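Just dropping this structure here.
Read from first to last, the chains carry the letters A, B, C and D; within each, the first residue is number 1.
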């Protein structure tokens, strides 16, 4: 408990210190603070006793926060949220140190905001009280708004606005839903409670199916914006494209995961009837997202935008796994959240490193950088392979379990978890593998390989007016700018690569840690899915009578 | 509190898996075959890091691959009739619910060692070692630049191939499958500054991915039907419930087939292989001729129990194989680039193997894989040696009489020998393996495939023709050559010629150098020992590849060694029962089966002869006919070939033959127009929809609503103070009126 | 409740007239403020509104027989005087800037 | 008072004013004026009726006239296109207002109004008009930009919706009317209370009474306390005479202090803070006016021209700058 709060509050304290400290010391302080936060969390994870039980540790305390409605400061982790929080704490030092050379403007503010962003994301993952979760979830927007709007690319204002308003609108749905559930709980039991477990148990058991349907719909609508799911994704490419490198990394790495985590943690357990009823619709959206975003990636010329759209496609697969409503898919989905954070974060980092040297992201103007930066190219290929799911690297396990889960999510109950999807969904989403290879290799083929194309005017001329690149930096850019990665940069990438490799080669501990939580979350689903299947008699009959044609696919 | 340490320790515990009691102790070391290439890969990475500027990476790789070969040789002696599963460590495995069948998923890093595995690994590691040795000289101009990258990728390839072949479950196979794809990608794109190479690498990877999707879906289906993806458990499950009529079970072979066709370059996914020749020649030899492309054959052979229950799928495999063989042979006849011809011949030969699989002779297919691996590697490596010596020249019109060029005599000799094998000249190894396939085609129970036997014979003739077209043109005749445009292998060599606009294989432009203009300055340099030794060894291997058949022939009744290997594996499960049994009645007793050989062929007469005899004679005839035509057109009267071409081109009726064959039947263009361009169009439209309709239209539109609403009232705020006053006063008035109205209503 | 209820005690007609007059003056002041362009006239109109307010104060003071109403008129006068001083100072300032008294000469608050 | 009729009268007034704002001439102008006055008259009649008072009261007639005059003058203030005339009409409004104050018994405020408004504020306005309109026809003719009212319809609508609303309250005044006796009693109580605070006000009465009683009319001092009679109309004030005896003087309503005295007392006793604040406001206004005026003089000619959006006049400066360069 104390360690959790330590990991959350250390960044806050760091931000406070940075605010009054010397501007030159800001970056070192931020690095120290983020490493200390990681350390605290790592110690907690080391001592964490519930890796294999799926339980929440420590039991969330009843420390009052808003005592009139019994909102508490309850924090605690189960293995899923702990893994995600570890991912966050792991990425933040990388982001901070990765910004050392990129940000030379208003450093104190920058690192201060970053620390606050870190704290709020950790808070969201740690919170066991839904209102506290909301606070963490929502507060992330504030630092991110400033990070993008001040240190972003040329269209940073618009991007920041859109990000803020769009996701804020989404979270209103989410807030409304949890307030509704809390109020229902009060109306029904006379007690206020905002504990996730209590509310989930209450809502899933006591609310009628119809209410659950709308509850799930509202929660899904709220989180879908953050994930982002297909029709509500358009803020993401812009935000990614305009954000400074570290902002993109953390946005892709963990901020989007808040959406998927929200669905996993709140929407699915609270409204199983709704989840079962809406799984097909949501999965259709996911499947569309996979193909749609992948095709869009394929025609992008901006490297960062390409990777941004790939996030939409990848998260489509991730959510599809979740909506398979069986342990295979959900396992894959949770693992995918982590993997996506690692590999896409690394790709953004790499693109940012090249951008620092050339100030160009457009692949029409720049390419073949492998000749100049072989080490960079190595990592680029490595993380590309991780991103397109090469077995042996992290992407594979999550991606394949997601597809696998989707595939076996048929009405057939031999797995103990009847599902509503099936081979059709897996087939369409599986084309994402092909398309994924197409666009990622396009990226590698043009950006990394091929004849060397460099913008004629380096640094100075092509500077596109974004802040955050100091004039001095552009000055020595000519000598140093086109060199290969520096030791610091390699030092950032190597841990990422090692973690990717480890997860790919030995995912068993993570699978075993995630498994019990997933089973717990999905416990009400077999029954709910059965009911949904029965309520669609023609579909169920068709599924049984004509197994050759999977009509829902 | 100690959960995490416990977790960590389990990570590190790569415990030796439990072995079956009767297994030989050597099997414990099977993992070395995987580990050694992996180690050399990591060491190569370190070399790259340290910027090693010597041939150290090559030495490391050769040593590691040699070690792997030695391991496999030991296994060869130790492996028994029953397969052994060795668990290296747990990979993806967990259970849910009660953990019973269908309540768990297990795909560990297991090795499944049976004779098929060892047989396959034998030539993979053997050829890998030799070709690495060859490459250590071939690539020497890149020392300090791409040298470590090259050998690192080769190591990765061998590791992945090992996973593919030795893996104990389909997910391991998949790992290898994608891993070899990655290695192939890296090696095709080795000259990464050359756009063609990058494009070819990408193409290879993407086309393979289509097949991979099939394989992945098949994997899911297999789990769904049988509840496991581990071979050992799978065979048991199939035995327990052999032929399910569920569509799921029926669909498995079709999806597996898709995977196999992708990796092994069969119709309709063969298009990547010719382009893959952009890679360095040793790579073409190792990956794109001898080993990786046979993974599809391995897959189907390994999964044969799933195919045997589905005659339609088998027939499809046979037809695809036969047609691919024919198509590729016709294209190969009309190409001028030596490597490309060998590439098409590879596709064609792979077609034979699939034909063999389709007609039920896993033995024939595997045997052909075995023989083909040697002679095709030989041909590629000699081509590479020629290319190495002649600055990248590969155009068969610009090379002639190499047998007489000093330094190239041995290479040429070996190349011509290789041509004999490829043409399946009577009593060469390929003759026997091809014979096996064709006999099976003629005698298959499924009569739909008999015609494929005739197609196979035609292809045999075509093969002989195009093989010797190269042989006669390049190695015989008057000495005449012009160097390529690549300063490959020169000491003053600077930059791999990527700065030249085109590939070493592009012929048209090199003519600009003008016939003998270069002759004065250009001295082809012959290969040294590191190229010669592997060539000779491979040639010996190619000869020895026929040894099993010679032995069978000489002492009638002795089982073919290859057949023994194949028969004691899943590849023969059910074959005896299903197939007509021209070879065996029972997988476990090939000896007896061989004896009944003659009886089994009764009733399958080809041209009134016993199938074996007929195919032997017809095959020899086809081969010799092809060689003779080639001899006339390409050695005795070389002008005649051009004249023939002109004649064919002259007539509208025949023009399409030449144009089609030379332009590869426009398959690439067809794919471009039918798949890539529409997809690109759709992608552009979607991109526009996303940016204009979804984002700029709907999202920004909704975002603009409040602003638009505000703009309604904009005239009130013209900046003039009264404008604001009007609103204020109006607002006050309205509020007052409203309050009064409420009050009045309440009062009355 | 009907105000013309005979049961009610009779009201003071002076108060009624005073209130009506105050309302009318206030309304006319507003109308003037909104419809005139001359800044001086506009300020005169605000003075009209002050007049209305003052009259209302006096009327209610009379109705309740309370002197506070008159006291507030004193304050209104104070504020009016202060306003006049400042406002007219501003008017002069503005006039010097643009050589016109038209309020429409000043549109800097407008968007774009 | 029936709201619909009230609203109808307001509407007639509004139409009249609207027509007048459009600067009609001749008969149209006459018609509009008559219409407006008719509406006004109806409104006033309703007001008087609503009070429920019976019989003729000359004060009501005077008040009505004053109101009519104020209204008419106010309308002229906003319809005339000549600012000077507007100011003069405003004086008329102030005078009419003062009459109304007088009638309602606020004598002090009536005169202060005239002094402060007509005497001080309006004079300031006239000064400003003089300052601002340097044209030959300063103050006299209408200026071009203000010849036509802007948005008269919107303005009239706003104004008269407000009028209707406010006029509705007038009815409320009757409904909330407390019995006269009660009001009077309370008012008397307040007045006696004031008297208690300043017993000197009763001096005249006490002196007269003592003189009549043959005692030393000056030799008394207030004994404290004031006993108000039951009906509140009279009160008994005890005083201590020079000889120490107690004398009780009976005070009548006529002995209560006059308006100005009471007002002064009320102001000082009940609103001392507000009074101070008012002083501060006036001071601040004075300082503000000084600052506003000063800033203007500090500006150079070119700066002012630049501020006014005009081109710079001082071309020599530019030339000099060029030479220097």
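FYI, contacts are C-beta pairs under 8 Å (C-beta built on N, C-alpha and C of every residue); 3 or more make two chains touch, one makes a residue touch a chain.
This structure is a prediction, so every number in the text was calculated from the model and none was measured.
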Item checked: Comparison of C-D and A-B (more C-beta pairs in contact) -> C-D
Checklist line | Closest chain to the centre of mass proxy, which here is the mean CA position | finding: A
Item checked: Mean-CA-position distance for chain B and chain A (Å) -> 36
Next item on the list: Would you mind pulling out the distance in Å between where the CA atoms of chain C average out and where those of chain D do?
Entry: 9
Notebook entry, point to check: Centre to centre, by mean C-alpha position, how many angstrom separate chain B and chain D?
Noted result: 102
Notebook entry, point to check: At what distance in angstrom does the C-alpha mean of chain C lie from that of chain B?
Noted result: 94
Note to self: Using the touch definition from the top, which residues of chain A touch two or more other chains?
What the structure shows: none
Next item on the list: Going through chain D residue by residue, note those that touch at least 2 other chains and give them in order.
Entry: 150-151, 154-155, 158-159, 162, 166, 169, 172, 175
Next item on the list: Note the residues in chain C that touch 2 or more other chains, in rising order.
Entry: 1-2, 30, 33-35, 37, 104
Margin query: Following the definition at the start, I'd like every touching pair of chains, please.
Written below: A-B, B-C, B-D, C-D
Item checked: Footprint of chain B on chain D - complex, ascending -> 3, 150-151, 154-155, 157-159, 161-162, 164-166, 168-169, 172, 175
Next item on the list: In the complex, go through chain B and note every residue touching chain C.
Entry: 714, 717-722, 724-726, 729, 747-748
Note to self: For the complex, give me every residue of chain A touching chain B.
What the structure shows: 45-52, 162, 165-166, 231, 234-235, 238, 292, 295-296, 298-300, 327-328, 331, 368, 370-371, 374, 378, 381, 385, 390-392, 396-397, 400-401, 403-404, 407-408, 410, 414-416, 423, 426-427, 430-431, 433-434, 437-438, 441-442, 445, 448-452, 505-509, 511-513, 515, 519, 547-548
Note to self: Please output the residues of chain C touching chain D within their complex, sorted ascending.
What the structure shows: 1-6, 8-38, 40-41, 43-45, 47-48, 51, 54-55, 58-71, 73-75, 77-86, 88-93, 95-102, 104
Check: Which residues, counting only chain B, touch chain D once they are in their complex?
Finding: 722, 726, 729-730, 732-734, 736-737, 739-740, 743-744, 747
